[in-house]
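The structure is given below, and queries will be raised subsequently.
A, B and C are the chain letters, set down in written order, and residue numbers restart from 1 in every chain.
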Amino acid sequence: MFKSTMPENGKIVHLHFDGEAITAFDGDNLAAALLRAGKTQFRTAVKNDPRGPYCMMGVCFECLVEIDGRPNQQACQIIVRDGMTIHRQSAPDSAGKASG
Amino acid sequence: MARLAGTRRAGTAATRPVVIIGAGIQGCATAFFMSQRGQPVIVLEKDHVGRHASGVNAGGVRRLGRDIAEIPLSLASMDWWNQIDQLLDIDKGFHRQFYVKVALDDAGADLASRRIQQLHKAGFQHEIWVDRDQLLCRIPHLTKSVLGGVLVEGDGWALPWKITRAFHDKAVALGAEFRTPVTVTSINRHGEHWQVTTDAGMIETDIVVNCAGAWGAQIAKMTGDILPIEAHAPMLVITDRQPMFLQSVVGVMGGTLSFKQLDNGSMVIGGGKRGVANAARNLTQIIPAGLSSFVMTAGRVFPHLRDVSILRSWAGIEGYTSDDLPIIGTGSQSGIIHGFGFSAHGFQLGPAVGEALADLAMARQTRVNLAPFSPRRFTL
Amino acid sequence: MANQHFQIAIIGAGPAGMAAALTTTKAGLETIVIDDQKDSGGQVYRHLQANRETLPAYLGKSYYEGAKLGQSFADCGALYRPDCTVWQITDTHEIALVSRGKAELITADYIIIATGAIERPMPVRGWTLPGVMSVGGAQTLLKQAALGADDAVFVGSGPLLYLTVWQYIKAGLAVRAVIDITGAEQWRSAIPFAPLALLQPDMLAMGRKWLRDIRQNTEVIKHVSAVEITGQSQAQGVSCTLSSGGKIDIDSNHIFLHQGVVPNVNLTMATGLDHQWDHQAHCWRPVTDVTGKSSDEQIYIAGDGGGIGGAKAAAIAGRLAASAIVARCGKPRFLTQLYYKLRHLHYLSIRPFLDRLYLPPVHFRLAQDDDTIICRCEAVSKADINAALASGASGPNQLKAFCRAGMGRCQGRSCGLVVQEMIASHTGQSMAETGYYRLRPPVKPITLAELASLEGPWPD
């Protein structure tokens, strides 16, 4: 579990993650907020691989979630907003390996 | 310059390998047909098989929208596409469905009507008009403001690199020899024969087939033929995977959009908008404004795709003639055959062109009349 | 809409970009600074302005040393555009960017690319499982969100790893173990360059302090020949094989991996700039002259994006490139440039030692198990790549067509170096000869609507 290393204060904001109510702090990084809430899997990639945030700097594209209906949002690049509705996303059925 | 080992063969000219320059689809298909007929060939490629236009084009396999002069060749080629799996020992080589150019406005509908009339007058029935309701039934995600479209049943798409590679693989299995990377530096008459000099030695042959694509004019010049082409780089993008919603290929009447969805859900969108080509350095540049423009057109056709991500853009180097028709035929000197300048619509023609070039090289009658593509039209 | 035009466009607001902006604005040149994060500081000074309020001490002195630069940057008068992602630079020096769903084109006379570094991939079995992150990712969580994992296992080597473990310890987190892959071979190759490193005694002292505190506060496991992460739907633990043959299994839900940082070359390569293989640092870097000028006369590279040097070297490199540009705009800066160059060299004096000491052993640079995922985006395994190589793929770009490695969203950032080394190892060619993926715009994915927004609003 991730836990806070500084006293937690700040305005509470409310999010929903796959239908579950989660609290975060105003100004929180979304990926961080989800990790603090104990969520390490953010999506399913090709071949049904479970994935979660990895680099926290926007270069690995693992932390993709659907936010308020928009897919492929990098959670580590987003600041929470009160009322945000987040869903894990799944890769559409893939043909597997080679494109041909 | 030392001769490459094994190029001097005892016997007649028929046993001397034919030299094919260029391992794009035209060169590989020619090598395939000739090898199938027992004729030894050596294919010289300056980069690697399918490196340029043949490996990176939009993959449309269509009779739709062709210049009337090209239609017989396109129809003949489609016979090969319809048996491509058996021909090349591959799976699912040709995704056959239909290809439609939609009319988004009155001007488009007008163009469509005149086009179909023109084709019917010339005796071709393959393009038909489908109205809005029929179209929306077949492609539910099309914009509701579509007026109808011109459609060809049985057209479709293929993966260009896969097919080009498959022609290569089968040709090799049948005895063709490919030498890459080898760059041709000069071609000179030597008595009754031709000497093809490269950066890896010289080959003597009786027949040279020029399938050098955007570099075809350079090669032609080496044989004494001035056949001007320009190199341009039409841009394409590929998107991330989406749930499957499209099996056919979609274009726009009066435009150059091409839109398809691959088996893994990615979409390949081409627009005919040109980037910058530097054929001498194998470089192409993407122009943001042009990219934006054809993506907008894609949006007019499939507005539900607004949030789909573009993962990559690219542009292949294509050779364009001044009349947008390819150059296919014998050169001014005996033993030279040209097959290049396909002006960004050569992929579907590849199988029939390969067959035709093989016919020319082996002094056989071609199935299709190649007069419209004669190199002579560029010489006085 | 007319394009905005600037004399200088700086891409990246880390130490190099910020320092460059101070020089160009002081010289009176119209400067825009474009950065994809919401606050300045890049990676090394992430969230620094906000942390100055709460001052978490565990982040360490060298982190807070960046505060002055950040403050000066905020006051310098450059047009600062945060939350903007550059997706292309054309050869006519148009910069295509996207911000909040809208694309724009900006032009500049000169461009400084200061996009920093990324971590070298560390492909071990199980590394894609939820709960596994890069050490840089763990450190960012600490800086940005004051979040840390208890009982985490750190695996790898390099200053960033040791610093982060040290910060974890200072923050009161219980670190389960550190698996250090640095071996005798690394020490042997680095020791001859130790005298140069002595030119930066404060850096060495800092490193020694980190290592000492780590040794005293957690289990350090060395002489490891292989590591794998276990678990089905999330990380459950690490299993390491010792060189002596034994095995150690550690339970943990949080595994942090790191084996060095490399220049982030995606923008510079997609822009068509010349690059060279840096044999010492075992990575690609743009070809530049002494001031940072690239193979394009109008484009300069500064900071870790041009070659790893750390925060202080990055700031000086920013000053250096900016001074060279200022000189070309008619305000000669010869002595200043010389001063910056000498300081830059000074800050780089420790690199030959560090680059060699922390170059990961080849069996960690390459994956060891056939089912290890190499291309994360497309879930292409080591076995898949070997099959493609056996089918005749002879280079990274051909390989893409055979097995899709490198065709995903990250454009090779997580797999490129591994794939390159697998190919080199298979063909016997050098790393330089093998080459890298041909990178194209967009440098980061953009949506159809974002791209089309250059033309107008998306159709209904």
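One rule holds for everything that comes next: a residue touches a chain if its C-beta (ideal position, glycine included) is under 8 Å from a C-beta of that chain, and two chains touch if they have at least 3 such contacts.
For clarity, every value in this text was computed on a predicted model and none was experimentally measured.
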When B-C is set beside A-C, which has more C-beta pairs in contact?
-> A-C
Centroid check, CA-based, most central chain -> C
Compute the distance, rounded to whole Å, between the mean C-alpha positions of chain A and chain B.
-> 44
What whole-Å value do you get for the distance between chain B and chain C if each is reduced to the mean of its CA atoms?
-> 41
Per the C-alpha centroid definition, the whole-Å distance linking chain A and chain C comes out as 22
So chain C residues touching two or more other chains come to 401, 407-409, 445
Quick one: which residues in chain A touch 2 or more of the other chains?
-> 46, 72, 99-100
Name the residues of chain B that each touch 2 or more other chains.
-> 161-162, 240, 307, 309
Contacting residues of chain B [partner chain A, same complex] = 159, 161-162, 240-244, 262-265, 307, 309
Touching chain A in the complex, chain C uses residues 36-38, 43, 50, 54, 56, 58, 118-119, 128-134, 136-138, 140-142, 144-150, 171-173, 233-234, 253-254, 264, 373, 376-380, 384, 388, 401-404, 407-410, 413-414, 444-445
Chain B residues touching chain C in their complex are 48, 50, 55, 143, 161-162, 165, 239-240, 276, 283, 285-289, 291-293, 295-296, 298-300, 303, 305-314
Mind listing the chain C positions that touch chain B in their complex?
-> 88, 90-91, 94, 96, 103, 105, 272, 394, 398, 401, 407-409, 411, 440-442, 445-449, 451-456, 458-460
Partner chain C, residues of chain A touching it in the complex | 1-6, 27-29, 32-33, 35-36, 40-42, 45-47, 49-62, 72, 76-77, 79, 97-100
